[in-house]
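Think of it as A, B, C and D in the order they're written, each chain with its own count starting at 1.
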Amino acid sequence: MNHDSNDTQKVKLTGDEVAKHNSRESCWVIVQGRAYDVTEFLPEHPGGPKIILKYAGKDATEEFEPIHPPDTLDKYLDKSKHLGEVDMNTVKQEKKEEDPDEQERQERIRRMPILEQCYNLMDFEAVARKVMKKTAWAYYSSGADDEITLRENHNAFHKIWFRPRILQDVEHIDTSATMLGTKVDMPYYVTATALGKLGHPEGEVVLTRGAKKHNVIQMIPTLASCSFDEIIDAAEGDQVQWLQLYVNKNRDITKRIVEHAEKRGCKGLFITVDAPQLGRREKDMRSKFDDVGSNVQSSSGSEVDRSQGAARAISSFIDPALSWKDIPWFLSITKMPILLKGVQCVEDVIRAVEAGVHGVVLSNHGGRQLDFARSGIEVLAEVMPVLRERGWQDRIEIYIDGGVRRATDIIKALCLGAKGVGIGRPFLYAMSAYGLPGVDRAMQLLKDEMEMNMRLIGCSKISELNPTLIDTRGLGMHTAPVPRDTLGYNVYDPLIGPKEKSKL
Amino acid sequence: MNHDSNDTQKVKLTGDEVAKHNSRESCWVIVQGRAYDVTEFLPEHPGGPKIILKYAGKDATEEFEPIHPPDTLDKYLDKSKHLGEVDMNTVKQEKKEEDPDEQERQERIRRMPILEQCYNLMDFEAVARKVMKKTAWAYYSSGADDEITLRENHNAFHKIWFRPRILQDVEHIDTSATMLGTKVDMPYYVTATALGKLGHPEGEVVLTRGAKKHNVIQMIPTLASCSFDEIIDAAEGDQVQWLQLYVNKNRDITKRIVEHAEKRGCKGLFITVDAPQLGRREKDMRSKFDDVGSNVQSSSGSEVDRSQGAARAISSFIDPALSWKDIPWFLSITKMPILLKGVQCVEDVIRAVEAGVHGVVLSNHGGRQLDFARSGIEVLAEVMPVLRERGWQDRIEIYIDGGVRRATDIIKALCLGAKGVGIGRPFLYAMSAYGLPGVDRAMQLLKDEMEMNMRLIGCSKISELNPTLIDTRGLGMHTAPVPRDTLGYNVYDPLIGPKEKSKL
Amino acid sequence: MNHDSNDTQKVKLTGDEVAKHNSRESCWVIVQGRAYDVTEFLPEHPGGPKIILKYAGKDATEEFEPIHPPDTLDKYLDKSKHLGEVDMNTVKQEKKEEDPDEQERQERIRRMPILEQCYNLMDFEAVARKVMKKTAWAYYSSGADDEITLRENHNAFHKIWFRPRILQDVEHIDTSATMLGTKVDMPYYVTATALGKLGHPEGEVVLTRGAKKHNVIQMIPTLASCSFDEIIDAAEGDQVQWLQLYVNKNRDITKRIVEHAEKRGCKGLFITVDAPQLGRREKDMRSKFDDVGSNVQSSSGSEVDRSQGAARAISSFIDPALSWKDIPWFLSITKMPILLKGVQCVEDVIRAVEAGVHGVVLSNHGGRQLDFARSGIEVLAEVMPVLRERGWQDRIEIYIDGGVRRATDIIKALCLGAKGVGIGRPFLYAMSAYGLPGVDRAMQLLKDEMEMNMRLIGCSKISELNPTLIDTRGLGMHTAPVPRDTLGYNVYDPLIGPKEKSKL
Amino acid sequence: MNHDSNDTQKVKLTGDEVAKHNSRESCWVIVQGRAYDVTEFLPEHPGGPKIILKYAGKDATEEFEPIHPPDTLDKYLDKSKHLGEVDMNTVKQEKKEEDPDEQERQERIRRMPILEQCYNLMDFEAVARKVMKKTAWAYYSSGADDEITLRENHNAFHKIWFRPRILQDVEHIDTSATMLGTKVDMPYYVTATALGKLGHPEGEVVLTRGAKKHNVIQMIPTLASCSFDEIIDAAEGDQVQWLQLYVNKNRDITKRIVEHAEKRGCKGLFITVDAPQLGRREKDMRSKFDDVGSNVQSSSGSEVDRSQGAARAISSFIDPALSWKDIPWFLSITKMPILLKGVQCVEDVIRAVEAGVHGVVLSNHGGRQLDFARSGIEVLAEVMPVLRERGWQDRIEIYIDGGVRRATDIIKALCLGAKGVGIGRPFLYAMSAYGLPGVDRAMQLLKDEMEMNMRLIGCSKISELNPTLIDTRGLGMHTAPVPRDTLGYNVYDPLIGPKEKSKL
């Protein structure tokens, strides 16, 4: 953050002075020891004025930090409103209520399993669920509507089975792959996920360091908690990063972002196309009310807090009018390869090829946007035969994300024809539970699984993976069983095994 | 209610006078402060004489009101039997037993979640289940036999998945639609459901007001708790209503009803064709006995109370002989468009077109009639391709109802070719739990979901919805898995995640 | 029972005299007040000698009665071994141990729901499970191996859905049908089930009376607790009964049984062909050991009690060599129509037609013989199209049994082409729980359901039922879902509804 | 074990002397009363040095014995390192901590059901799970990754149903079969499983005795706890055994093993081809940490105990470079028939025929190697039609293993075309719970089931089993249902049966 603005200031502001500006008419807030006048900004705040007014005249750092990159105030608030340093000794400490939920969480943190007890990516999620703050967990883990797609994403991999080959020499396994021209050690990348500081105080740079260590690519999110430059700066040597882009209604801003990314060395531009509006995620929305709201009386219709969780708060700038017509413009402003992230049927993949982009990510945004969107792996199985029939399979790079938890999931995607897969939440959970060592171990586990399973399927390098190694007959059947025969089940007397002797 | 009949009466009746007529030989009852001689009516009562005799000589208002429209006594009981006002101060108050179930319900009502905590239509059902009277809940929520169809109705939507299009300009979303010539804001209508006062003391007019606010159509039920005219009178401005019709054995009555509805401005006549007899709903039937019956000795066969829940009590007038031969007559007595409600296979849709009706509702009566009837959405997927093949898709308007809970459900139906969908129980539950504000919020949530999901599927108006946007391969497979391998499951030792340290 | 044999006897035997014969060398038992010398019979006893020796020198009536028809001793034990009456006052009463299970059962009997609380056939099973003796319940309710077929039998009906027709005149519903020339009120018969006295002290004659009242046919079981003649004698008027036949290794005995049945008026002979050996039913076998065996030490291999439950005990006479070659002989010894009970694939139905029998029952013996045998309804769907293709559908009457619990199940079978269905266990349970009134109510409930559902499917008589009224696409898929993703389910945080306010 | 090496030694070593050598620099251990200097061997130990160092200077017998055949030290440790006998009286007894888990296990052992209460193969597993040591149970019962294939193996049999034939003379049932020229009483063999002493102190020879008694073949595992010769020596008369072979990186060792086996009379060589690396089995890996690790602090990355359960420890010698090119060499070094164990798709079966081997086992290593490998029975259904089309069905013997628990499973495999099936874990569990009598009873139960089910399917000998007797339409569909509709299920109010009267 740029601290220069009012640094001619000699005398620090006092807590009392700030505290007077505690209303819609004059609203000051303290962030990281400095005061800001946000009165005029209130109506423009993407998350609504209410959440700011809660901190009017007070220190808002704790609420502010995880969901705003540090350069936010410099970027969006005129320098004249930066009021300078505050003498924090004079700021009244809010006495926090004793929160029994929080006390239980602290107890769970004390009893956390040690890192070596995590043997797979699900284990990090199990730990994170117990040790993360409830609202942070709700933001990361929630999906759209009934969270059917959220769960289907991993489920769908369970419909694909292997047809391994035996007696192949698999002494030396090479899991390296090439993505958009970059050689990586494993055929996955760390995909973009928002608000990393909700899970870990350092945010996305932890993932940057993990990706470096395992030589995989990180995709930088538009909605990171860290600033773009912080994440770029955290990269070392020739480490490759990509940029995920939400397109702003103001194309000038978008152009600036893209040009800056290219200048800073990003090697791929992933335009998110499945989020003209950010999703309704009820677990996220509900997590607020269930904390504080359930003892209050229903407010009248007009005064209702229309807060809808973190997702809505941070996304109002996204342009819902973005369309195929914009693609040539993107191609004109950058030399980075351009990929569309969130393609969901074969028709749009064909259109993408025709539009001249360099790749697509078959994705449903981690099940966070449209419920009953199909999983990326299922769409992949729809797409590849059509591309092959046209001889187009090499005109474009196809990636998928969503639900990848095991090396076998990666192998299945590659057998079908993907160049690689994106993995998001599992690394967030590993980071939230154990920091960088967690991310490191998660990546190491994937590597161990990958080598083992390449051996067992009978392939020593990525290029040998092909469709004859899998059985996809189960894929694409969206079976919902006939509703349970309640009365019938109630009266059935289940078989039991041998009975123990009674207590001796 | 017409209070004129014996209003020449000067002296009010006393409770004691009424109380003498407490037998099958002479049976008087008090309803809303007025006494009626129902002795001769006993054998004709559709719900059987027993329930009336329970109140012989007493005040029956509380039992009477929710299941009889206020004009019932005027319509069906000769004026000479209207005995005039009763001095209610002289009527002995029944001392109600302390009912622990009712006390618990009152406690639950005190702890009701506030309205803003409801984020989807299921949430209202969750609340209603806790705060409604048990018998009212049983009447609304019950279905036929094993309630397989009841549950399949929503289940079936889960077998349909989306194939969304990206990069469509979806800045402006128009969810308006046209049904039978009426422009509405959303492509659903409030379908007819019986006995609204079981859930809310004001009954169906609450739904009328909600429908007005959101500019959607209400279908008025034959078996409403409010009278037809009350519901019509509750409409405002150019608000459009339709009439749902159970056809009476006495066609003169039916003709009178239809003509009256047309005169009062109804814009559509929906003849129910899936209910020649109202269903056995065991949850409804059982709710009685489990309240009061389980401690009594079994009565001898002939004296058994054959009470079979509310459904049977109110439906004896319906004509099971209604047939295709009656359709021309209906077409001759009204200019309203005529639709058949409850069509369940493509053969009957074709026959309906040939019979000249204007539309059909593919419906199984909310799973309350024939168990193992297929869901409306599944029948729709059977019907539309056949109609399109014949070029008949515009000769008739197709609606469905049953199981609609999410905007995605509506979108799926419209993609397949429906003009709109009917929604019933969800609004009943919203009304029962929160009154008009509940109905308002339920409709607003649907609107929010609809706009969001139209955007995410890549359509900015209803007319763009089409079959290529959905994947229906899973629909129509009525899968019941192989029975559980009990012994095998018993011995399987499930995987567990990392174990916490023991208590420190 | 014939009591004449030694009735010249003047002096009654004393308990002490009998008690001396308590060994394998000399073994007397008392049954219903009379003593029998069974020493020589021990090795021939179908249930093995051990169970008799347990009662050597004692009164065996309670154990003997439910599993032997009263004429058993007359038939199978030479008159010289009938020792005559015993003075029961001199027989030492066994002091029964207090059995906490039995006390709990008696308590459950006191709290039994009243009959009117049973609304469907499953309800009788729910009650019977609680009030029957554990071993009796185990015998009735058990199936082969993992009881997969036992459960599949009803399950399979859930894979068939309706395609009802509307606007048919269904005022008058006629559920009558014709089976083997007999007009019955409902298209089902009471099928043969063994050992009725395990459930009710009067045994199978209770079913005879119920069948009479509802004008349906009863099939008399070979392994009844009542004697054949008792069951025939219990019939009234022109009541029709059939005979189920296990074919004895000694064909003379079989011939005698068949001729006797024809003479006594039986109108159909159902030869069981799915039980060359009676099934292993582990629930039945286990019910013994779990009662008494679990505290004893394991006996050495050779001395082990090889008791295998009731089924094995009573079936050793059945001829496993019975084959197609025997059919002409059966056709030669009786004029009764002959049907094969237990046919399980279309090839054998064709062979049955060619063999000249009059019908088949597609059955798997209630899931008690071969586990993973398909359900009768599924086999029916395989059989009928082949018969129709050959034009053979009227050359033979096809019945099914197994899993029928609802009138909709019956309707589905008749739509596919069955002439009727057999129902067994549900009536046993109704009888066991409530005696004749239970059977009466069970049949009445079926009748009510039948009329209702005929109306709702749009048919006024049985002959109108046809294959276009059902959707059988789900039938025949034996789906076992992919094993549960244990770790994935463990970490998924399920959605919840709105939270109540905390305790006020 | 060869005890000669230092037997010139007169004076026994003392515990104190050994105890001095308790470091990486000088490491002695005691095994079965004799001391060994393993200092130089530490880095070569397949299970890593750490586990040995735990016992440096101490008695390691208890840990050593179950996972090393008795000739291990002779084979792999130079004679000069055999230090001779130890005076065990001078060895300090480790005081074992009181282990509440172990106390509970001892209590469960006291209350074990008697053997006669086991009625099927699952029952032994139920008992074994309760009475085995946790780590032993984890080793036997664990599978790869999510254990999907582990469970699918038995599951898959549930997708196959029977089409039995009636009226076949099935008085005499002959279950004998021929495998690789050997006549056996039942068409299964005891397949190779590792580390038998984890379950029973005598190890694999218990299975040898059981196999003899029931005249079936035992396949001897490479990784047995007993030595190969011990197992061979345990065979009696003309008892036939086969050898399962993990191929060593050092082909000389492999050659020696094969030649030795042939010399000792083995009649078949089964080369394992599905395990170039032994699997990650998380239940096995986790069982260690959850015992001892969860209270310790996480160690730093480099010092972490990389112990990964028993499987990894014992398998480092296996050659991952084994390939089709090695097959001719195998054919050249032995006259035993050679079979490939672990073939998993039809392409490789064809290749095996072309390579001239005598048979294949369609197997996924009991679900312990590649998760989502298909079950043997499913692969069999893929293989046989292709072989028959080519007329190759008799050029090779096809076996399957995995998930066989019932005689019906065996029958299904033989109907499809297998010559026999391998059964592993069930006999291990029977042995672990009850020793030889357990194995005996398990085999007897299979025999009883087999005779019964052959009768019920209408076949009197193995050669009559054929594909028309089964319905495999369900096989090969890998169905994973749509994720559960959580909110919908939460609000559904399930049907209940009749309610008991309240407490009297």
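Operating definition for what follows: a residue touches a chain if its C-beta (ideal position, glycine included) is under 8 Å from a C-beta of that chain, and two chains touch if they have at least 3 such contacts.
Predicted, not measured: the structure shown is a model, and the values here were computed from it.
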Shared interface numbering between chain B and chain A [over half = same, under half = different]: different
Chain whose Cα centroid lies at the greatest distance from that of chain C: A
Between the pairs B-D and A-D, the one where more C-beta pairs touch: A-D
C-alpha-based rotation, chain B on chain C, 0 to 180 degrees, nearest 5: 90
Length of the line joining the C-alpha centres of chain A and chain D, rounded to whole Å: 43
Centroid distance [mean C-alpha coordinates] between chain D and chain B, Å: 60
In chain C, residues with contacts to at least two other chains: 113, 117, 119-120, 122-123, 126, 146-148, 151, 155, 158-159, 282, 286, 289-290, 294, 474, 477-482, 485-488, 490-491, 495-502
In the complex, chain C residues that touch chain A: 120, 122-123, 125-126, 129, 137, 141, 146-147, 151, 154-155, 158-159, 282-283, 286, 289-290, 294-295, 405, 474, 479, 481-482, 485, 487-488, 490-493, 495-496, 498-502
Footprint of chain A on chain B - complex, ascending: 113-117, 119-120, 146-148, 150-152, 155-156, 158-171, 406, 408, 437, 440, 448-449, 451-453, 455-457, 468, 471, 473-474, 477-481, 486-487, 490-491, 497-504
Chain A-facing residues of chain D, complex: 108, 110-113, 117-119, 122-123, 126-127, 130, 145-146, 148, 273-274, 276-277, 279-280, 282, 285-286, 289-290, 293-294, 296-299, 301, 304-305, 319-324, 326-327, 340, 342-345, 347-348, 369-374, 476-483, 485-488, 494-497
